[in-house]
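Which chain is which? They are A, B, C and D, in the order written, and residues in each are numbered from 1.
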């Protein structure tokens, strides 16, 4: 089973590399440094939200409220800005508010024992609604250029890279490393898999299941808050409807990366590859003037095929081996 | 804000990228221009009509027409498409902004890459486009809405507005004008009881219309300044016991409204010809790209069959007054 | 009665899982009116044979024959249709459905409109429970049943289908003597009605008591099929292990040390009441009683995985935080739970991760865990317990039942506890390893470890324990010293007046 | 069955409280037209929730229902505008068949492709929607292109009960009945309760699972027909985002996300509750900006109430066990 899983991760990573190479060769303007920056900016929110989402799905739960938390912090950011708070205060404040929203999810799920899918469908509506309450139909747009410019800008202290490395890439790499190491090389990571695969056995092994899950939701909320800030700065527009629908894109990417929706299985490199694959493919197809509708079909088909193909291949291989065994026994 | 952080008051304003080359009114319109349309979202019948006008104009101009766009009306997906258009080095981007500010940095990147940006339907911040095709003046539409409401209510009574999303730029501007209008003495017997939002979603608008009638038994007119809202409200009224008692008016597409005009649910509604908007945008874009105009106030150009236009304040180009549709003339229109 | 036509024949079947050859060329017949035992060490391939007969696995090579016709089962439905009923080694109930529905699933009695006849379903369950002497409410959901009760429901389920061939994979592993006796009575009557029985157990007294014929397996291969009457227990063990075994319960005498565990007045409403006992270093204290007496609940409350309402638990004089397994582990406790599938193991995870799960934090360097550390830690104890496995990186779910149990033991022994609580520690473990486990417990106790042992196997209780605490219906019925504890005295206390 | 102990009690109570509160502040909420509107609005959601409940009970999920509704609504509307003479029953059958085909593909991928249902149906959610978009290409079917008998179906009634409501009642009632009293229903519960045990018990898992997905697809297809008839205007985006509403209805209705428990009529009640919440907010004249927040809060509250009832039952069970 672990071998099969490994092949799923590897398959996605290989496929991603393949798509990147083919696109660079075959699609005009794909391999340019400016397009690279555009791509990184496009995948920024998905990849950041996907990090804690991977943890949560590995423990067998889900958080559908992330995009709404993002919208809420974006709204609040605009509200605070209108009320004269400084950006340096607003950013940590928004992250904390995101964490509080996550903590509320966590409390309902671990404290009251409600199913996470149901709870976060509820808070998906609730947080988006609160975002509307805060900012209503207005948008706040006059954020300072040194912040909005940083999010869309590229590293300037690396002149020989010629503006090829977007600033936010550093953030992505650092956070991905932290989350990756925690998931794959620490006792916490081990306990997450155990919780996802068998919460009762984890409890018997002295793992504090409820507390761990609670903190995952807090982290998920905090990251959503951070992404709310980045989103607002990137588009220099604080609005209540920012990021609507992002949750499905994130869940799709995480599943594409080989994480089992039932918990206990999956790896972070796979998820990262999943996000990159989806974004790169969409970018390349857009450059080739493939319509948005066809993008839908491609995304959907990719999601299904990425899981279907390894299964089909392994079952064909299994049948073939069995037949060989039978033949050798007969002779 | 005493701690020296970056606050609203001490930020430096962003740089103005307005081009200042002089216009050459005698420049010939270039052929082979790549003109790309980016509506608010694809598969919206209204914007399909708009862009069909654009396609016609681009053909006349012997240019390359292209239409791209997201499936959802969000600013963030539009930005991805603007980025793609920059990469593809289009000559003109004609865009209906989903958020006036969110698309700004990308549009300015496009202009830095020598692409002309024309907005239509819904404007972007004026610092990040070269021209804006306005279907009608905000005042014109607001006044026309108020006038139609007064007529249909028979001079007095409760009216309600069924709008698009709570943060739709156009609708909010029109509603504001309508409110100022209603404050005038000749409207004193009209009472605006509620502004409901159907989010430009057919079903939500339908349910909001239901809610209005349940909450306000004395309602006389629903004013829906959006094509989705007016169709949904008309459909609900035409199939309910309120038919004939409550009037629906606002902005709608003749094809969608024909049935309700004929069955008496709707007496009068208004709209400009959307195809002309796209048509005009193509000519404005071509004129910009050919150096005929720069987008400055007073520049003049000719837009094919629509004739001559002059650029107004802030780069605005006004299409003309809206058309009113009634039983008498509706069969003359097909869009 | 033997040598009649074989009802079912296993003919030269082979089954491999990847590199593991679980069954290699095994053949034996099952006759109607006869109980046939299948014995072998853990991982010998018994359950794999069962699963082939049940249609779960398809043999790689070889055939199954029913009344001299080859059959090819594509799934459990085929086997069922061919008249085979199976009790799997691990219970397979539907937790959300009622006990009665669990029993009836697949052949519910129907009314004329082909609707399910609920009253008849319940009546059926009641009738089967009466026959097995079980007290269970047929309308309660299966969720939360103790492992023994689950096993009893499984038995009722298999009996309800009135199959010609009944296959039982360690049905008695979780049962105590009383239930086993009732089960055997029922099975005998089925056998006498002409059914063929395949019976798997690691308890030889059960085999000699019930079975006429025995097939012995070793490492996936067929060793012998003989009449039980022609063999002694030692013969069987020698053939199955390939060598002689020494004495079974090598209990070492130890002078008890300080009081390690002191439980007083422990109560959980509706489950157990006013439980008190103490355990000293070096002592082995057994909790005995009938199935459902509440023994598992008591030790789970002590370890903190379950809550309790009142009473105290003290470890070396200091009271232990309630409801926190982590605090219990910090105080030197370890609990080997009774249900390895639900409580003991994470089936999808590898063997090494399972073994190191409770002490991953101790193995980490600077907060980071490296695969090598886990592997080394896991290797020590799995080897000591002679676990039969392919690679430590395999998911634990691919091991045989007994070897899974060894992984659970390894997991907790590797935390070097000072007080070890074991709940049915040798359930499903083969005779050779069982001796090894007992020797280990005994020697650990000699080194000063305190042991609390819950066991339904009376010989194990009597052989190992310094003291026996007998529970009955959630209360302490008697505390017996090693000298006082006999089969009669323990059973008498466990069943209350009127029995034994 | 003891009504006081069913899991659905919490929803019924929440519903009653909501209706009572709204009616006190605006008595027109209980007027004939209003009740009719609420039931009509519930009908489409309830039909989809019935199918979804069956799928969720088997420990799967069908996220593609919104897209299936879209494709069926568009197909049927196009067909009816091209052939206005076709009777209503043909429209319904075509909707059912289109939906069933989409559901069958889902089921086949889940069962034979061994792909988790969430992944499959998230994928087909995108795919079916993309197909509808490509097909429609921005066109729209308007009410004036549809034959009157088709549009009137949404308003006509049988003995005072609108057809739509009647259909929803039959679907929810019939499905609940089968799930409770027939073998196949109990097998679906068993499959959700323990998939491995279901295989071992010889249940025809493949057949049942395909059946569940086909049912969910077919009902989403039926919902598409009802949608087209009721709303008259159909474009390619019909039903976008419905999947979350349907799943919310099912979950609020007390069906466990991990399968094996809950009832179809509970899901129907969940659909009713969600619909009544949003129409009550419109009637109560609550600030538009607060509405969504309140819907969210009420969903959380309803799940909490349901949980409270469940805990009550569990406790009383334990007490009863203790007396044995």
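By definition in this document, contacts are C-beta pairs under 8 Å (C-beta built on N, C-alpha and C of every residue); 3 or more make two chains touch, one makes a residue touch a chain.
The structure presented is a predicted model; accordingly, all values stated were derived computationally and were not measured.
Enquirer: Going by average Cα coordinates, which chain is farthest removed from subunit C?
Expert: B
Enquirer: If you tally contacting C-beta pairs, which comes out ahead, A-D or A-C? Let me know.
Expert: So, comparing the two chain pairs, more contacts are at A-D.
Enquirer: Would you mind pulling out the distance in Å between where the CA atoms of subunit B average out and where those of subunit C do?
Expert: 74
Enquirer: Could you work out how far the Cα centre of subunit A sits from that of subunit C, in whole Å?
Expert: 43
Enquirer: Between subunit A and subunit D, what is the separation of their C-alpha centroids in Å?
Expert: One centre to the other, that is 29 Å.
Enquirer: Taking the mean of the C-alpha atoms as each chain's centre, how many Å separate subunit A from subunit B?
Expert: Subunit A and subunit B have C-alpha centres separated by 35 Å.
Enquirer: Would you pick out the residues of subunit A that each touch at least 2 other chains?
Expert: 132, 136-137, 291-293, 296
Enquirer: Can you list every residue of subunit C that touches 2 or more other chains, as numbers and ranges?
Expert: In subunit C, no residue touches at least two other chains, as defined above.
Enquirer: Specify, in ascending order, the residues of subunit D that touch 2 or more different other chains.
Expert: 129, 133, 256, 288-289
Enquirer: So which chains end up touching which?
Expert: A-B, A-C, A-D, B-D, C-D
Enquirer: So in the complex, which bits of subunit A are touching subunit B?
Expert: Of all residues in subunit A, those touching subunit B are 28-29, 32, 34-35, 38, 42, 81-82, 84-89, 132, 136-139, 141-148, 152, 231, 235-237, 239-245, 282-283, 286-287, 289, 291-293, 296.
Enquirer: Can you name the residues of subunit C that touch subunit D in the complex?
Expert: Subunit C reaches subunit D through residues 54-56, 75-81, 86, 88, 92-97, 101, 105-106, 108, 110, 114-116, 135, 137, 140, 269-271.
Enquirer: List the residues on subunit C that touch subunit A in their complex, please.
Expert: By the definition above, subunit C touches subunit A via 14, 16, 60-61, 305, 325-326, 328-329, 335, 337, 342-350, 353, 356-358, 360-361, 363-364, 367-370, 393-395, 397-398, 411.
Enquirer: Considering only the defined contacts, which subunit D positions touch subunit A in the complex?
Expert: Spelled out, the residues of subunit D in touch with subunit A are 109, 113-116, 118-120, 122-131, 133-134, 244, 247-248, 251-252, 256-258, 287-297, 299-300, 303-304, 307.
Enquirer: Please name which positions on subunit D make contact with subunit C in the complex.
Expert: 181-183, 186-187, 189-190, 192-194, 196-204, 256, 259-261, 317-319, 321-322, 324
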